[in-house]
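Both complexes shown next keep chain A, but they swap its partner, so chain B is in the first and chain C is in the second.
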Partner chain A sequence: MALRVENLRIYYRTLHGYVHAVEGATFSVRDGEIMGLAGESGCGKTTLGHSLVYMKPPMIYMEGKVFLDGQELPIWDMRRMNEFRWRLVSIIPQYAMNALNPTRRIGHLIADLLAERGLSYKHVLPELKRRLDLVQLSPEVLDRYPFELSGGMRQRMVMVISTLLNPSLLIADEITSALDVSTQKAVCEMIIEFRNRGFVRSTIFITHDMSILYQIADTVLVMYAGQLVEKAPVEEIFRSPRHPYTRMLIAALPRVGARQRTERLRGIPGSPPRLLDPPPGCRFRDRCPVAFERCTETPPFVEVEPGHFVACWREI
Partner chain B sequence: MARYLSRKLMIYIFTFFVAVTIDWLIPRLMPGNPVDIMVSRMALRADVAEVMRSYYLRAFQLDLPLWQQYLNFWAALLRGDLGISIWLFPQPVLSVIARAVPYDLFLLVPAILLSWILGNQIGAMAARVRWLDNTILPLGYILTATPYMWLALLLAWALGHVVKIFPIAGAYSFNIRPHLSWLFIKDLLWHWFLPFLSLFLVMFGGWAIGMRNMIIYELEAEYSRYLGSLGASQRLIRRYAFRNAILPQITGLALQLGAIVAGAVATEIAFAYPGTGYLILQAVQNQDYFLLQGCFLFIITGVLLANFVIDIIYTLVDPRTRLGMVGE
Partner chain C sequence: MLALENVTKIYRTGALGLRRLTAVSEVSFEIGEREIVALIGESGSGKSTIGKMILRLLRPTSGTIRFEGQDIFALNGRAVKDYYRKVQGVFQDPFASYNPIFKADRIFALIREEFFPHLSRAQWEQKVEEALRAVGLNPPDVLGKYPHQLSGGQLQRFLIARALLLDIRLLVADEIISMLDASTRVDVLNLLGDLRERGLSILFITHDLSLGHYISDRAIVLYRGRIVEMGPTERVYARPLHPYTEMLMASVPRIDQKWARQPARMEQSVTPGPTGCVYYGRCPIAQEICSRRMPELVEVEAGHYVACFMRS
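Our next item is the complex of A and B:
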């Protein structure tokens, strides 16, 4: 088990109270696994991803444990986490295009970061150049300022920087969201390539785009309103989803060749609950067609088949 | 680069021309004329006064049509001749100003530089140290919002009158002749302190507030967040933020330095400090066209030069501006 998360609860402190963004998340990611983390906007997937790397206020740690390669990550301790960041757990942020200091040459920036870890830029340079080549950037970008690169180039640059120290866990946060489909594909292939070449061990790929996960992920973890809903190997989640939310989510995907006249695109009626003081129990129950009395209690996230976890009373 | 600079230079020359024209025009838009004031001060008989009046009008060439005065003014200016002061007749304007400028530099250079350096440092610290933020910042806001005249008077009253530590007027004691000795230097510094302190306090508040806000903005920027996610130390993150936050402060500094020769009008009046600011007041009160023109000419030149220097420095410290030079 490369990553093991136990009962993680992350809230946001706001003027009106706590926002229950991630509630009791328990899951694990195997070595070499690319786990897709899916869900709609505001379901807590980015919060979950970020909490594993850089928990900045107003994000607050309530409880839970995170183990990576057998050692516990002190995710609640900003300072102690520094030792683990980048080297063991790294992130490609959603804002990758603006993630580089505009007034520092990219090579200098990398050298500064490496120097803090006692690593020499010269020493790393040959490997860095090989990786730039892999993402189709010429080595001369190292002498450039970030604003001299296009958005796509900057993103690829950040992908290389984030994975430079071969982290055990990479969190890729919505990295395909602002891209056109052909670039999306290229980026996805790079993520797979990074894994295959051992630049990163395991990856959590956060996205709201289910169809991308089908191409890249080994497993998919679906979240809804801060709760884990279902986790299964990718084929299984598309072929035989167990949770009503996942089913409706998959059913809502457009099918190639479908005509609007014969088959209207379906959605899920209703909207997610507010995460400020949410009601106890399954948070999907107000929109769920098969809800019953028991759903006022929080369903456990249990393994119904090997590698297939569901949080639904109907499936137990 | 050469093209960029020569284009900039053209703009500055044009600006100089317009500014100097306005400089020439403004004193002449004041009601009355300097010769009247000068003659009336002589307290002569009416007929003699009239003779004197027409003599001085001719001497200062104020009897010519305006367009001719204007052309003469440019011709003289290009020869480096700023005319004769009316207030301190018959001293040439240039030497009057040359005597005042050292006092401006002596007062303003330390006040501006020290307040800039300390203001930036303290402001950057205030962005992350809560108790500093809660003490320095409100103080800074009060200081910069205080009418300067009032603050100067308050200081002069408190430290010069109530607690008689510092003198409240002049650049040195009246009973000492300027000369190079420890006694005179001590006296000079002693007179210098209050005007300096008043300027320093006001400017310090401004710099500190500006820096604090810029740093907070930079620390919240996405690149800072990314550095944090990669486990960079607070030291590195702050170093980057500071470097980016200081850019607008550099512009502010250069502008302040450019306006140095203007002296600090309010300070020099409040403490009767004999710099250019003090000259400007006297020139206005005496309708001294030439002295006023001369003072403003120094200000114009200073501000333009400073701007030009910023343009060059900026291309060195902020790589983003360098694009403008290639992309034309």
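Our next item is the complex of A and C:
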């Protein structure tokens, strides 16, 4: 069991009260698993991913435990997490490819990062070059400045840097969303390749794009308004989703081949609730076509079939 | 209704504008009545530049754009205003289209000041409500609110409603759903289809192939400022002819089929001579001639054009 998250609760403090961004998340990710974390904007998927690595204010740790390879991660303690970050848990934040220091050559930038961890650039260089070769970047990019590379090249560079120390867990946040489809596909194939070669053990791949997850994920965890809604192996979540939200979300995706004139898709009416002091219960209930009285209580996230978890009173 | 003829746009870039960047190159196509045309391309393909030229926000370096037979850059005075009565645009980021310190419905008031000063308040309010209902919004729910109180999908529909207040014939929709969530984007897409039924034509600019396929009648595929393939949507998708279109179709993530395990071809540094095919550096079937001459669009079957020596 590589990653185990128990009852994790992350809020944001605002002037008006607490924003309940992640509400009691319990799940695990196996060794070698690529878990897709899906949901719409504001559902808490990025907050959940970031909280495992870098709990920056105004994010507040309320409760919960995180174990990686049997060891508890002190995610509430920014300083103690330093010894785990990059080595054991690594993250590729959204837009990371645009956040590389523009005044440092890429090689220098990597040397700085390594030096901070007491590691030698010279020592790592042969492996670094092997990995650049794997993602079809020539070693000369190390002498370039970030702005000299295209978006796709920078994204590949960031992926190599984040996984350089063979972390046990990689969190990739929307790494394909600003890329062209051909580059998108290449980046996804690298995620799989990195896993297959053991550069990373488990991966949490955060995206709003369900069709990408169908291509690369082993399992998919769906969030809605801060709550975990469903987790299942990828084929199962696309073929037989159990939660009404997942069902409606997947039905709203246009397939290549679907045309409005022959097959009219439907969106989900309504919008998610505000997460500022939300009422208890299932947060999808206002938009749910099968909601009933019991939905004012929060449904537990229950394993209904091996590896298939659902939080819905109708499915328990 | 709208016709582009050999439209080229060259930007001056770099210090003192000494470097030239050809964003759009000899593009010709038409948009007919009640037609949704998808303009598909990756970043840097020139698709937004084409949209901006149609909206007169940019002037082509050469070539003409005609609307109902008239060169849109020869218009002046009242004629420009009349043009904007008929042709309007909606853009990618709904939040950037609003001034956050004003209420969102100010965009309607501006239309009234500019185009309908003679209407009475009651007449105007009725017109706004009709437009909002036409885009699937409930007026009391959305009027009098600030942009941050509305969702991206609502703001985007607001902008479409704003266009409907005019006697609009052509809507330029530039990536209007790429920032919306999956559960709401379908509604905006369906709305575009409904507007077509009401007699509107739409230029639907997108990088998302499945969305383009869902809604459009014709598809135009751009690569580095040139049209590489164009035809009825179903034909282009079912039987892509240009190797670039083929590669796009193979790379688009589907939910009913996994990617074929073949490595995607990265952009290589090989660039063709100034006269060669724009896709030469990445093309798996390129021959010697492709590095020397740019193929022209050739009609291969009814209405289906491709610019490729190997496929025409």
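Simple rule for what comes next: the second predicted complex is superposed on the first by the 316 of 316 C-alpha atoms of A that agree within 3 Å, B and C clash if a C-alpha of one lies under 4 Å from a C-alpha of the other, contacts with A are read in each partner's own complex, and residues count from 1 in each chain.
Assume a contact is a pair of C-beta atoms (placed from the backbone, for glycine too) under 8 Å apart; a residue touches a chain by one contact, two chains touch by 3 or more.
Just so it is clear, the structure is predicted and the values come from calculations on it, not from any experiment.
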Superposition on chain A - do chain B and chain C clash or fit: fit
Which superposed partner A:Arg259 touches (first chain B, second chain C, both, neither): second
First (chain B), second (chain C), both or neither touched by A:Ser211: second
Superposition-derived comparison: chain B or chain C, residues of chain A touched: C
First (chain B), second (chain C), both or neither touched by A:Ser41: second
Chain C versus chain B - closest C-alpha approach in the superposed model, Å: 7
Doubly contacted residues of chain A, that is, touched by chain B and again by chain C: none
Residues of chain A touching chain B in the complex: 53-54, 56, 81-87, 90-91, 93, 95, 98-105, 112-113, 116, 145, 147-148, 158, 161-162
Residue numbers on chain A that touch chain C, as the complex places them: 40-41, 136, 150-152, 180-186, 188-189, 208-212, 214-215, 238, 248-250, 252-261, 264-268, 271
Residues on chain C engaged by chain A in the complex (per definition of touch): 42-43, 151-152, 181-187, 189-190, 193, 207, 209-211, 213-215, 233-234, 237, 247-249, 251-256, 258-259, 263-267
For the chain B and chain A complex, residues of the former touching the latter: 221-223, 225-233, 236, 240, 243-244, 247, 318-320, 323
